[in-house]
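There are structures below to look over.
In what follows, chain A forms one complex with chain B and a second complex with chain C.
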Partner chain A sequence: MTAFLEAVGEGLGTGSVYALLALGFVIIYKAMQVISFAQPAFMLAGIVLVSYLAESVNFWAAVPIAVAAVALLALAVERVAIRPMVGKAVFVIAIITLGVDVVVRVVAGAFIGVDPRSVGDPWGQEVVNVAGIDMAQRNVAALIAMVVVGGLLFAFFRFTPIGLAMRASALDQEAAMAQGVNVGTVFATSWALAGGLAAVAGVFAATGGPIDQNIWIVALAALPVIILGGLDSLGGAVLAGLLIGVVQAVVATYQRDWVPSLETNAGPIVPYLVMMLVLLVRPYGLFGTKEVERV
Partner chain B sequence: MTTPTDEKTTSFSGHQLEETTRRPRRIWGRPGLVTAYAQDMAFFDTRAKLVAVCALVAIAALMPLQLEDDILKLLATGFVLAIGAIGLNLVTGYAGQVSLGHAFFVGVGAVTAAVLNGDPDGRRLGYGITFLPAWMLGAGLVAAVCGAIVAPLATRLRGLYLAIVTLGLVFIGQYIFAEWREGTGGRGVGRDAAVPTLGDVDLTVNGAYTEEQKLYWLMLVILVIFAVLARNLVRSKVGRAFAAVRDRDIAAGVMGVQLGRYKLLAFTISSFYAGVCGSLLYAADGHFSPDEFNLGMSVLFIAMILIGGAGTISGSIMGAMLLALLPRIASELPGFFPFISDRSTEHPNIFEVETALYGVLIIAFLLFEPRGLYGIWHRIRTYWKSFPFSY
Partner chain C sequence: MLAVQNLEVVYDDVVLALRGVSLELPDGKIVALLGANGAGKSTLLRALSGLLDIHDGEIRKGSVTLDGTDIGERKPADFARRGIKHVLEGRRVFKELTVEENLRVGAYTARSKLAENTERVYGLFPKLADMRRSTAGYLSGGEQQMLAIGRALMSDPRYLLLDEPSLGLAPMIVAQIRDIVVEINSQGTGVLLVEQNAAMALEIASHGYVMENGRIVMDRPAAELLKDQDVREFYLGLGAEGEVKSSFRDVKHYRRRKRWAS
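After this line comes the complex of A and B, so read on.
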């Protein structure tokens, strides 16, 4: 039972990272009905920035600076590569983000270098005892960060004028424009938010060890998460993120007992398997809106 | 000679019998006038195209006698990649189903060919089939079966949902490849690829001609065969159905195109091409590792068809050739831009530039020439065709 709960704790940490990433995907999707494949690159850029900044200033100052910088980067990408394509087929825009991802990731990855770098987080491998269960401090921190950021986002969409504008244009872009909403600003804000979220998620994905060149793969696991939660549901993204994180951790823990013949850790492919199973039953995810196709 | 008006009446009034018994004729002195659908859809719709393509193939066939072996190797790899790109173009460019899972099917092809061709007494699973068409088509068929298994899921989904599911396929595939050590050699280790032999001649051993020359000719012949097959497919009933599904699948369904059936067909054929591509891709290196069938490879194929031109066979080949030559182009860059290093320990180095370059190419082509290299060619052709009146 303890092992199971420890796995759940581990999963909540991973799941928080997924949830943060998934929120970014969903925000962009709601704004422009496009899945941005550039999120992994923004995440990697955030990690690399923090790892460099943490050397000169401390970790707590490095994270906000890096988040702001990646948000600016996302803003620039949106302006240069995405805005000219608004109105084209979503597939085309998605592929452009794929191109952006390749470019940004190569540039950011070049700064990782051969020496092991870390984000300089204060948690490392320390554990904290929560109600008799050992939880890694970094997982607790990720969960807290996710709850705080999620709450802030909720407040942002609920109480600020631009948040209202974003909700309005998610419902109906043209109607929002007719009401004086600047849809361009909405696009830009959504990209900046998504970039910032990816950077935050990256920091927590990279805690507890040296940065791995292939850490961006983690961000792709957020894609099954948003499919599971429903492409246009913020709450669904958080729930599905935590759910997939927990399932993944439980599978990784018990795989040896259940299927001893499998030697490779099946954890990384769990999100995709869960996604495929869910899609067979519910093609629009758990909380997604059914797409109405106009002929 | 009949007047143009008569020609027109016969071709549009639907007299099937008349059309089949009498071939539509070109009118002398008016090469641009098309009077029948069959003429419009002909394999070579103009004589100039026939001559140009024959000349191109002839030049390509003679090139090994002139070029260095290292370039020939790149070109041969380009030909194989072109087969895979044509496959992806059939499903994505023609049938409009975005697939990020092409690397998985290429992997299935490579593994199947290696297993079929492998040494029965070796460390890895092998059946010792040396007959080239047998293991090549076997690899294609196994990949096609995998495609047909995935297709039902794909027919339920559209657009970006499909892209993400096929993305998942790559990750699941990588896991299976890594786990099945008997067949694939396992992660980071790999196994020997299928060895192409014709009769008693091992094409990977230098003889009267070098290894590169022989492989180049082999790949060229296979590419021409598969390109012709694909071109014939897309100008048939099936190709028209693909295009209808791509342009508006609901409308196509209303018109009587069976959506499920044609999406299944598109995935199956595309996977077949991917499998054939995979079976030949590692012939020159002689070795492959299951790590190679990753998302990066899928994106590479997407880049090929977008840079070459989505929905064109010639574009697939152009895109594949460009991206196959890209490493070579990148390796020449330090000569022009001294800040680019050719050592992987320094930054920026040619490998990073190469990867970044194809990302930039994808973005630039989508922004400025969505029809790809084919579009550029089309523009040049139209300019000269309508020469003094081009604007």
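After this line comes the complex of A and C, so read on.
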């Protein structure tokens, strides 16, 4: 039982990272009906920035600066590469985001270099005992960060004029324009938010050890998460992220007993398996709108 | 005054939707715009509110002017900020938002006066005030139309462009909408009323335009249009019916007369 609960704790940490990444995907999707494949790159850029900034200022100052910087980077990318393409086929824009991803990732990756770097987080491999269960501090921190960021996003979309305008624009773009909403602002805000979210997610994905060059692959696990949650549901992204994180961690803990032949490889395929199983029952994901394809 | 001069609009570079339309919407007046389906009424409204672009429409000739300044090439947000609000055909409320949130989006360009305008809209539509927390998609058709009009009024516009507000509504509700349009107008907003329900539109308008095939074919005070034999026959469904049925010659006559041929 303890092993199981510890796996759940571990999964909540990973799941929070997935949820943060998935929120970025969903926000951009709602704004422009495009899946942005540039999220892994923004995540990596955030990690690299924090690792350099943490050397001069401390970790707590480095994170907000890096998040703001990546949000600005995303804003610039949207303005330069995406905005001129608005009105083109959604597929074309998605491929352009793929190109952006490669460019940003290669540049950011070059700064990692051969020597091991870390984001300089204060948690490392420390554990904290919660009701008899050992949880890695970094997982607790990721969960707290996700809850705080999720709460802020909720308030943003509920109470700020631009947040409300973004929801309106997702529902009916022309009607939103007729109210004086500038869709350019909506697109730009969605990219900035997604960039910032990817940076936060990156920091928590990279805690607890040296930065892996291939850490951006974590961001791809957010793809089954958004499909599972329903492409256009923010709450769905959070729940699906946590769900997939937990299932993945539990499978990783018990896989040696269940399927010894797979060694440690069962974990990474879990997100896709869960996605497939849920889609068989609910084709629109857990919380997706049925008519996601709008005319 | 909001006006268009010799406006030519083309969709997708090929479809000529407006062929030299001129129209004036003076401050504080109700102007009716009549015409059959496909005559170009909605296109004209889009030109007046900057919404041509997302329909791949483009102004080829002529101009849209506000107090003499050409504003035809500006963004929709600019039109809204300058006090021109377009109520789209088919209501188009934000279905998953609440009534109050819909109104707040309408106030996007006039956020500082949110409270004041909310009061005013709830005053005009007491029903909406009772349902401020309900999801807009669950409102009835008439209520949604009221919400769509209320949403546009949230920025206290100088001109309100109404595209078929009576579409698909019961006669009782149509009468309510009519009274509300009169009320809005009496508070100083100029209204351009596009309608299939010509009797209702001409009853409250001071001036009327009739469109056909992308042209304005009649441009007269509403009272004169109400008395006009052709308008009575083709738009109000009055007079001359019997004759049309009785003789083939009259059918041809009808056909010929159906085109006022500029």
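Just so we're on the same page, the second predicted complex is superposed on the first by the 290 of 295 C-alpha atoms of A that agree within 3 Å, B and C clash if a C-alpha of one lies under 4 Å from a C-alpha of the other, contacts with A are read in each partner's own complex, and residues count from 1 in each chain.
Convention: contacts are C-beta pairs under 8 Å (C-beta built on N, C-alpha and C of every residue); 3 or more make two chains touch, one makes a residue touch a chain.
Computed from a predicted model, the values in this text were never measured in an experiment.
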Checklist line | Which superposed partner A:Leu273 touches (first chain B, second chain C, both, neither) | finding: first
Next item on the list: Classify the contacts of A:Leu220 with the two partner chains as first (chain B alone), second (chain C alone), both, or neither.
Entry: first
Next item on the list: Could you look at A:Val103 and tell me whether it touches chain B, chain C, both or neither (first, second, both, neither)?
Entry: first
Margin query: Per the contact definition in the header, classify A:Ala94: touching chain B only (first), chain C only (second), both, or neither.
Written below: first
Check: When the two structures are laid over each other on chain A, which of chain B and chain C touches more residues of chain A?
Finding: B
Notebook entry, point to check: Once the shared chain is lined up, is A:Pro84 touching chain B (first), chain C (second), both, or neither of them?
Noted result: first
Next item on the list: Kindly classify A:Val181 by the partners it touches after superposition: chain B alone (first), chain C alone (second), both, or neither?
Entry: second
Note to self: Contacts for A:Ala141 in the overlay, against chain B (first) and chain C (second): which applies, first, second, both or neither?
What the structure shows: neither
Note to self: Per the definitions at the top, what is the overlap between the chain A residues touching chain B and those touching chain C?
What the structure shows: none
Next item on the list: Sort out for me which residues of chain B touch chain A in the complex.
Entry: 98, 153, 156-157, 159-161, 163-165, 167-169, 171-172, 175, 178-179, 187, 248, 250-251, 254, 295, 299, 302-303, 306, 345, 347-348, 352, 355-356, 358-363, 366-367, 370
Note to self: If we count contacts the way the header does, which residues on chain A are in touch with chain C in the complex?
What the structure shows: 161, 164-165, 167-168, 171-182
Notebook entry, point to check: Tell me, which parts of chain A touch chain B in their complex?
Noted result: 34-35, 81, 84-85, 90-92, 94-96, 98-103, 106-107, 109-111, 113-114, 220, 223-224, 227, 231, 262-264, 266, 268-269, 271-273, 275-276, 279-280, 283, 293, 295
Checklist line | Footprint of chain A on chain C - complex, ascending | finding: 49-51, 54, 75-77, 79-81, 85-88, 92-97, 101-102, 104-109, 111, 151-152, 154-155
